[in-house]
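Got some structures for you, see below.
In the two assemblies presented below, subunit A is common to both, partnered first by subunit B and then by subunit C.
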Partner chain A sequence: MSFEAAYSGLGRLDRLSYRDTVVHRLDPRAKVVATMLFAVAVVSFPRYEVLSLLPLFLFPVLIAALGDIPAGFIAKKVVAVSPFAVFIGMFNPLFDSAAVAIAPGVSVSAGWISFASILVKFALTISAALLLIATTSFPGICRGLRRLGLPALFVSQLLFLYRYLFVLIEEAMRVVRARDMRSFGNRGAGMRVFVRIVGTLFLRTVERAERIYGAMLARGFRGEIPSMRRETLRPSDAVFMLAAGGFFVLCRLVPVPQTIGRLLGGLAG
Partner chain B sequence: MSHHLLEFKDVRFRYPDGTEALKGITFLITHGESVGIVGANGAGKSTLLLHMNGHLLPTSGAVTVGEVPLLKETRPEIRRKVGVVFQNPDDQLFMPTVFDDVAFGPLNLGLPPDRVRERVHEALRQVGALALSDKPPHHLSGGEKSAVAIATVIAMEPDILVMDEPAASLDPKSRRSVIGLLNSFHHSKIVASHDLDLILDVCARCLVIRDGAIVADGRAAEILSDATLLAENNLELPLTLQGRPAREGPRR
Partner chain C sequence: MHMADALLSPAVGGTFWAGTIGAIGYASKKLKEHLDDRKIPLMGVLGAFIFASQMINFTIPGTGSSGHLGGGMILAILLGPHAAFLVMASVLTVQALFFADGGLLALGCNIWNLGIYPCFVAWPLIYKPLAGDGRNPRRILAASMASGIAGLQMGAFSVVLQTLLSGKTALPFGTFLLMMQPIHLAIGVIEGFVTAGVIHYVRAARPEILDSSASSVPLAAGISLRNVLIGFLALAIVTGGALSWFASARPDGLEWSIAKVTGKGELPEQQHGVPAALKGLQERTAFLPDYGFKSPSGEPKAKKGEAPAWPAVDAATSVSGLIGGVLVLVVAFGIGWAIRAFRRRSIP
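The block that comes next holds the complex of A and B.
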């Protein structure tokens, strides 16, 4: 994936977060809390669990549907970061070779099952995190985290990361374009030039940081970024959090697919 | 009103690397004056501006704003009186939305939320950027960024407005609207720029800086029509004073 394509993907995620849907209108805190609960619920499943995790996909699917977020776009992003999860789990099938029966007459090594479990958990948590960002403006998430008690310094760092990410990427893009324009064939001598470009960008960033800090001081900055938004949680936010939380607990405590299977079996029998 | 005075008395400044950037600058700017600062690249304009709100402190000499001498301890007070709009709006706009950015200064002044909202509204209205209130700065055009950068400073209601190249890299229409905007302020104004037409349109008085010293100080109309003085300072006559017929084509 080229640099510019990656940038436009990021910009798209950002633009999605400024839409106006039921999900976008929820209080950022409610969404942050629900997403965290979701992540905790997912990772708390035992490592050989695959089937019981599947009902949890309902959460990201619902958020994407109600938030009018294109599922394909999110799926592509999940696949793009999937190598991390693959590397973490790829040796499980080799080291954990005890045989387990998964269906009458079919058995695989336990490692394959834990590998599958890792991939499912990964897909669940990453898609939920991406959807949180796609349905909540980044400043909203930061305000939510601050109101939930995250230290001010940390939140300021996140805000600056968001504000200057785009500026930095555009600057890098200009430098890369200038290099490409004057390098023929062997892409501007590769690594050595690349290292220098990174160095230049770093120096420019430091200088910019100084100018920004100057501008902040000029407007009376004294250590904390003030905010005047006073959002209050509405009943709909509470309902959302409770429903989501209840659903996660249900999925965690009751093996939903097996139960449904037994119920259906009961009806048939 | 004496609190709108800005006085430099024999101000000298030496950067830590030994470069002497200001070599004895003396001037007095009184209430409501509009002053342009021009000079070649590296003449010391930016260094001079950075002294006006105490970003840099003079190595020797004195800067006084109103009755307050510029010292390390008085910097917060000076910064309330002197608003500086920096050249690059991306450095000036650091908050996630336009509204938050304009509110940053007033909130730091400790104003109650209602007053802050009023000031933000008024500042954005003055620069014609009310509609941008909820946008993130990285989605704005260059002209919009400049307008908002000016709003962030006027929201603090400074006595003196200082601007470094307010119209650099703007398209002609945006530049024109920035000029209109500057003319609508009745603050004391100090504008450093290479855009001599802008200085001519906005400022009544003009200072010329060369090698860290003032080489001319007088009426803008006179100084900016002195072709020899301008040429000595790597400048040239403002285009409006060049009297060049429209069809002449490139000169050789």
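The block that comes next holds the complex of A and C.
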């Protein structure tokens, strides 16, 4: 991904996270826990399960729809990060060639089914993770993680990183653009120049950190970034977590598509 | 290479998350003991620096392909192991959230693979002894190379272990290793060069940064650190061994018992208080020779350790399953589409 593309994706996701919808108003802890439970539920399906995973798409779909997150944006990002999983999963059809009949007269090797399972699980878990950050501001997630018990030092680290991420990315972008404008063809893109760019950035970073520290000291910094928000769990958060958790357990224990299929078959005659 | 959720099992993912949380807690505690507040914004900004640097590509000489910085070793050299680990963990967390790099369950594995090995194994055991006082550029180059290569090899091997223990891939161990290790050897060499180059640059421009960081890490703690590292390695080995037993024994029993529960629980439920159509369906399906449930879930028990070979699945049940699957997808996405359409209409 090019620098500009990565940066604009970052910015858009960040802007989406500050909107105000029913999903955005849920407590960050509830959303983090629900997303983690979702991931655990999805990966707990055995390697050849594909159909029973499909009802779980309701979770990301509902979050995206109620949270007013553009579906195409999420889908594009899922595809963009799929290479590693696709690359590893691709070998399943090659190494696992036991034949399985999936419909009258149609048989495929079991490896394709496990590959499909990997792809479906990938789409589900990645979209859920993206939707978490799209519907919860990063500082909100950090506050939630702090309330869930993560060490204060690490949470401060996350908040500082976030705060200065955009500043440093813009600075890096300026340097990279300068490099690109001065390198005819590929001449400047080698390791030598890269090392010097990184070294310069690092020194600027250290000096900036000194200035920041001084400024924060002058404003009463004492080691932790305080927050005025009193975040308490509300009934809507509890309802959300119970409904989500119950839905995941249901999908895990009951093969929903097969049941629906048989019901339809019975009704049709 | 980042792990992905789709390749993990809950047991492996959960175990490495537990290890990572433990490591974060340990590093935070250790850091708090001799931390001055000045380091807190520095760590944050350095995290942003590593993040931004990872977005800059450079061409690798000779191959034409592009590479980018990892950063674990540079952080360990500049900040010491505990702070470097926290910074790496924070960078990977932000990447997992904003760039969907792997997923939230795999984040535990990624922080372990890309944070523990460079900061707590390669830096104290390889870089520090080789680099000595840090003034000889050739020793720094050798130390960076060795520790960079070692850290990445350990990380890559870790990914292979985690994927295989999860059991979602059909790749044999040897083939997977042959794919991962050589690539990461090359990446390690590059990382070693870049790390040495940056350290050299910083030493030339502002040597006091390196001197102060080198002295701020109490070397006396190295003794207990070694014990901790041995403990980590032992934990990893024990976990791996225990997990391989766990991973192969449990799912079979679990699937079998779930099939037993749903196979029994569903039939009587649908006979009570349900319209006649469903009752008729039940009676009809009871006449089918193959019960839809038992064949897919029966064989994991039967063929432990063999190449999985499904008996021919009853075509009728699989077709109905496929139809049900399509219907489920249509309903799920239809609900989403309907909500959006409703929203748009209600906005004046």
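Quick note on the criterion: the second predicted complex is superposed on the first by the 236 of 269 C-alpha atoms of A that agree within 3 Å, B and C clash if a C-alpha of one lies under 4 Å from a C-alpha of the other, contacts with A are read in each partner's own complex, and residues count from 1 in each chain.
Definition applied: a contact is a pair of C-beta atoms (placed from the backbone, for glycine too) under 8 Å apart; a residue touches a chain by one contact, two chains touch by 3 or more.
Here the structure is a predicted model, which means the values were calculated and not measured.
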Contacts of A:R163 with subunit B and subunit C, given as first, second, both or neither: both
Superposition-derived comparison: subunit B or subunit C, residues of subunit A touched: C
First, second, both or neither for A:V249, with subunit B first and subunit C second: neither
Subunit B versus subunit C as contact partner of A:V22, first or second or both or neither: neither
First, second, both or neither for A:P139, with subunit B first and subunit C second: first
Which superposed partner A:V79 touches (first subunit B, second subunit C, both, neither): neither
Touched partner set for A:A218, first subunit B, second subunit C, both or neither: first
Partner chain in contact with A:I260 - subunit B first, subunit C second, else both or neither: second
Touched partner set for A:R208, first subunit B, second subunit C, both or neither: both
Contacts on subunit A seen with subunit B and repeated with subunit C across the two complexes: 14, 138, 159-160, 162-164, 167, 208, 212, 216-217, 221-222
Complex contact set, residues of subunit A against subunit B: 14, 137-139, 142, 159-160, 162-164, 166-167, 208, 211-212, 214-222, 225-228
In the complex, subunit A residues that touch subunit C: 3, 6-7, 9-10, 13-14, 35-36, 39-40, 42-44, 46-48, 50-51, 54-55, 57-58, 61-62, 64-66, 68, 71, 77-78, 81, 84-85, 88-89, 91-92, 94-96, 98, 100-105, 110-111, 114, 117-119, 121-122, 125-126, 128-130, 132-133, 138, 141, 150-154, 156-165, 167-169, 171-172, 175-176, 186, 189-199, 201-203, 205-206, 208-209, 212-213, 216-217, 221-223, 253-267
Residues of subunit C defined as touching subunit A within the complex: 1-2, 4-10, 13-14, 21, 24-25, 28-29, 31-32, 35, 37-38, 40-49, 51-53, 55-61, 66, 69, 86-87, 89-91, 93-94, 96-105, 163, 166-172, 175, 190, 193-194, 197-198, 201-202, 205-206, 209, 251, 255, 258, 261-262, 266, 277-278, 280-282, 284-285, 292-293, 296, 300, 307-310, 312-313, 315-325, 327-329, 332-333, 335-337, 339-340, 343
Residues on subunit B engaged by subunit A in the complex (per definition of touch): 50, 53, 55, 76, 79-80, 83-84, 86, 88, 90-92, 94-97, 100, 103-105, 107-109, 113, 116-117, 136-138, 152-153, 156
